[in-house]
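You will see two complexes here that share chain A, one where it goes with chain B and one where it goes with chain C.
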Partner chain A sequence: MNNPAFDLLMWARGPGFDIALVIFLGGIILRVVEIIILGRKKDMAPAKGSPVAQGIKTIFSRSFPRPGLVKFAPITYVGGYIFHMGFFVAFLFFAPHIAIFEDAFGISWPNAGRVIIESATALAVLALIALIYSRMTDPVRKALTTFDDYLVLILSGLPLITGYVAVNKLFGDPQMMLAVHILTVEALMVAFPFTKLMHAVTFVMARYYNGSIQGRKGAES
Partner chain B sequence: MANDNMTNKPMLPELMKTHGVSRRTFMKYCASLTSLMALSPAMVPRVAHALETAKRPSVIWLSFQECTGCTESITRSHAPTIEDLIFNAVSLDYHHTLQAASGHAAEAAREQAMKENYGNYVLIVDGSIPLDNPGYSCIAGISNLDMLKETAAGAAAIVSVGTCAAYGGIPHANPNPTGAVAVSEIIKDKPIINVPGCPPIPVVMTGVLAHFLTFGIPELDELGRPKAFYGESIHDRCYRRPFYDKGMFAEGFDDEGARGGWCLYKLGCKGPTTKSACATVKWNNGVSFPIEAGHPCLGCTEPDFWDNGGFYKPLSVPAGDYRKLGLAAVAGGAAVGVASALLSKAGKAKAAKAHETVDAHDLEK
Partner chain C sequence: MSATLERGLNALREQIDAPVASFFTSCVSCGLCAEACIFYRATEDPQYTPIKKLDLMRRVWSREFTLLGRIGGMLGLTKPVTDDDLKAWEPLVYDSCTMCGRCTLVCPVGNDLTMMIRKMREGMSAAGHAPVELIGAAERHNDLGSPMGELHPALHAQVKHAIAETGIEIEFDKPGVDYMVILSAQEIAEFPDVLGAMSKIFKKAGITWTISNDAFEATNVGIQLGNRDVARTLVQRVVDAAEKLGVKGVISPECGHAYQALRWEGPNLIGRPYNFEVIHIIELLDKLRADGKLKTKGKNGQKLTFHDPCQINRRGGINDEPRRLMNMVTENFVETDDAGTMNWCCGGGGGVGANERAEDLRNAAFKLKKNQIDKVQPDAIVTMCAYCHHTLDNVLEEFNMDQEVLGLTELVAEYLDDDA
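And now, the complex of A and B:
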């Protein structure tokens, strides 16, 4: 006798993860290598400022909003911050997740307790709902939003929701919910290199590039 | 354990008397059994009455591809426990390990019990059945498959004791060299109660038998297990659960966490996905259970527990050999990225070369 929930869980932990990992890593490397090799035309003009220093500075400085922008688009900024921080707290400080890094690389770090993890998860999901709501109601954002944006928002939210359900056994068979949680993460991994999720990697290159252009011109970024 | 036992065997009250078990102890047992079976406390007197007056059905116990651990478990409950007495109170007409008879005499006892109680006996099976080659496991020259089919035909119900009989168990584990299957894969027309575990807890086995004697077939889950004993996960009832919630985990078998009795999730505990009464009923008369002894749960009451990605691998960790694949993906991705970029550059250069030169005259056209 087989247990379909167990079989699905083992598929998600076995071949499912392998497939997702290959697409995830292969896709990211492919795109990054392509971007670097294609490069830009060399700027022959002598630099007026320090492109490298400005580039590196911009990688970090763009993590903070410009004055006045939080007031201008509060949901985008506050919601964006809460979502990103909540997502990464839940992802990086939940012990079962750390166990994956420990298995893969032999490194581990202290984990957080259930109250912190679940609060972070709940806040991230609420922020995500607010972000989707603002995209659907604000006419300008609505016009700018593509299918890709909604797909990415949903794919980022599903692991949070299914993880919360699996840990708290809110409904469904616990094996099945764990399997569904892992599968939603694998869907996120598969979509990652081919959607705007790639920003999690390319933001460094894009910010450095923007900063260095300004730096070359002798401007602050 | 010949047929004459069936008629001469004393009923439960007499057995209790001879073993020095008081009525108070018996009632306490009935109360705990009632709560264990998730019945209302008002049912205690009914359970007691039913156990005292229950007809002793003929029981045939078939052992196939197994290790005798299930029999060890049910007989090693601390004597004289009432579970033991209930087990004795049934008319066990055939059991390789426990019966004195052997060879043809033993088979004759089985055939006689089947003939006399056709349609009414209870068939208990431990061990899986090999389908690849009947010769892999035979008893008195009869293949396990033939013996199961023949004996099941006249059974009122079948109890698959242990994970091997219930789900194929260890013989069924990858690569399953004997083609081992569970009883339910072969017998489709009889009620089957699965009592998985490697081995199952003695009181769960006798509890299921007691339920069958008193109220018939218990309510089963989708894997054929009595909900009363397999309704909740070990993780939900584990006394170490507060450590999981606080995020306190043992990282090794001899670290501070292990000594402090912290959660064993990171050492591979399968408690979150395993349904069993281990954490509440415990073993050896309620002394302890594997997690209390400091070892992660192996998940032995679940199908295919032997192939769950490694006993010491946390549930969240990928089960396959993903590292090589990951490195291959990085190398492959880099190669394709270089190729694609060079192709783009070549295309760009080619396009630049193919540009037609346009002068002022052309523009005037």
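And now, the complex of A and C:
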């Protein structure tokens, strides 16, 4: 029996996923080690505040914008929030995704309904389009944008779009569309350690350092 | 490759540590740092986006400190940083950044961009691409004791004047006293009243103090220029003098980067903690207030607002202290928008004030500060940094604004309760 869609799906779910996972995890470890081995000199100025506590606090508090700034870059702020939240709702609360986690780690959590998942997906994709538009038109964003920025936006959007197509059987062979969806996820995983997608890991370090530097001085962060 | 370029790149490489690598790895080029930057906001020119100012340091990091970058470099896919690049970046790193620290507080991934500018200046100056005024100031400070040159005669004259006015003795080089006072050149040259003010306050509070002839200058052009050797030498002078006199502490004066240099960078520059404490004059006054040793009588009735110096508040952690003192001696204290941690810079910090080439940009940047002031329409502006004071005096005049600028220490001294 010759069923290329089925074969591709099996490859994507099996060896394809394993390869992607190894690159994803190995790459992240490499990049994090690359950072940590550079070290950080001990600060000898007597602390006024609490560097460790404020470092940890800043990991969370920096998720919220400073008052009054949103209006100066509304697409970046609002688009950024909607994309991140939409992406993670679709990724973490779609029943078949939870089933994968349950299979692998034996843990599960309640899933969200179809309306929520599909709205989150659609909103995240719209937000991505707005972010791409802002990169192409806004002078500050335009001046900073490189190929990497468009690549990560597209790589982040493809799993959302292909997932939506596969689930709703919008077009194409359902098995093929599911295989394509999984492959786009794998592309995202492979690119992750070597692109700006790494921020999703290293932001924790950056925010901690920022908070601890400011916190040592008793200054806000 | 020229020797100076190699020296600059080496200085830059030395500055790249785990925080820097985590910052560059985390940057998603969102550009939100631009919205926090006084120079971008005043001009809307995208080249002033803070992360853009760090691009050469990012390239060095990427090419030499990441595996993929090293491979890319070997394959010739990325270009090494050249002397022309550094030259082109000089106005971005020095003229359009006061190291005010606002970008550091808004970056969503938490990048301390200001600290990276400080680091990048190490490479720039080592490569010979720093403003001539800062290099000149460093030479004068090193050779003559102050960025303004030889200030001993002026200091002695001002001290004499303060003694005559207050009737309180001020002794030089007196060992074993509580504090050694250091001053910013700007105070000696332009705002010497602070001497008499401190004299009166300390006498009432029972504090003994002295000024060292060996190290009375608090400013440190080394941290503006970005030269650790200069910065270390200047910090070491103060440390040696203070330890020789055996004082309990050194009082950092109303000067932003002086506080940053001695209190926060200093121990790291000389490689050890001090044998004395460093306290900012406003921290000390607030402590005296809390201990009941600073008593005032009456209040200023003018409409007063407060300008937070970046290096003392946002980058220094002194935010509530001046406000408690303001409330003690004023009855009509109004805060501007963004007051406190997110206050707008006067535009003169980080060496920008000394940099002639940056004058137009500095005046353009004042727009943000001006908006803050115009909205509350104060009679006078109080601050706790002599250089902010100096910059504000100049730009207010330039813009035909008639507000007076006051130093907080002098303001407090004015209302000192003589009977207490």
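The criterion applied here is as follows: the second predicted complex is superposed on the first by the 221 of 221 C-alpha atoms of A that agree within 3 Å, B and C clash if a C-alpha of one lies under 4 Å from a C-alpha of the other, contacts with A are read in each partner's own complex, and residues count from 1 in each chain.
Here is the rule we use: a contact is a pair of C-beta atoms (placed from the backbone, for glycine too) under 8 Å apart; a residue touches a chain by one contact, two chains touch by 3 or more.
Bear in mind the structure is a predicted one, so any value in this text is a computation, not a measurement.
Student: Clash or fit: chain B against chain C, after overlaying the two structures on chain A?
Tutor: fit
Student: Is A:E220 touching the first partner chain B, the second partner chain C, both, or neither of them?
Tutor: Second partner only.
Student: After superposition on the shared chain, which partner residues are touched by A:D103: those of chain B (first), chain C (second), both, or neither?
Tutor: first
Student: Which holds for A:Q175: it touches chain B only (first), chain C only (second), both, or neither?
Tutor: first
Student: After superposition on the shared chain, which partner residues are touched by A:R31: those of chain B (first), chain C (second), both, or neither?
Tutor: both
Student: Thinking of the overlay built on chain A, is A:G113 touched by chain B (first), by chain C (second), by both, or by neither?
Tutor: first
Student: For A:N2, using the defined touch cut-off, is the partner it touches chain B, chain C, both, or neither? Pick first, second, both or neither.
Tutor: After superposition on chain A, A:N2 lies in contact with chain B alone.
Student: Looking at A:R13 after the superposition, I want to know if it touches chain B, chain C, both of them or none. Which is it: first, second, both, neither?
Tutor: A:R13 contacts chain B only, not chain C.
Student: Of chain B and chain C, which one touches more of chain A's residues?
Tutor: Touched residues of chain A are more numerous for C.
Student: If you take every C-alpha pair with one atom in chain B and one in chain C, what is the shortest distance in Å after superposing?
Tutor: Superposed on chain A, the two chains' closest C-alpha atoms are separated by 8 Å.
Student: Show me the chain A residues, by the header's touch rule, that chain B contacts in one structure and chain C contacts in the other.
Tutor: 30-31, 34, 37-38
Student: Hey, which residues of chain A end up touching chain C in the complex?
Tutor: Within the complex, chain A touches chain C at residues 30-31, 34-41, 43-46, 48-49, 58-59, 62-63, 65-66, 68-69, 72-73, 76-77, 80, 138-146, 149, 152, 194, 196, 198-199, 202-203, 205-211, 213-214, 216-221.
Student: Which bits of chain B are touching chain A when the two form their complex?
Tutor: The touching residues are 166-168, 182, 184-185, 194, 223-224, 233, 235-236, 244-247, 249, 251, 265-266, 272-273, 302-304, 307-309, 313-320, 322-323, 325-326, 328-330, 332-334, 336-338, 340-342, 344-345.
Student: Considering the complex alone, what residue numbers of chain A touch chain B?
Tutor: Interface residues on chain A, with respect to chain B: 1-3, 6-7, 9-10, 13-15, 17-18, 21-34, 37-38, 95-97, 99-100, 102-104, 108, 111-114, 117, 169, 174-175, 178, 182.
Student: Over in the complex, which chain C residues touch chain A? Could you list them?
Tutor: 16-23, 25-32, 34-36, 40, 44, 46-47, 49, 51-52, 65-68, 104-112, 115, 263-268, 271-273, 277, 313-319, 338, 341-342
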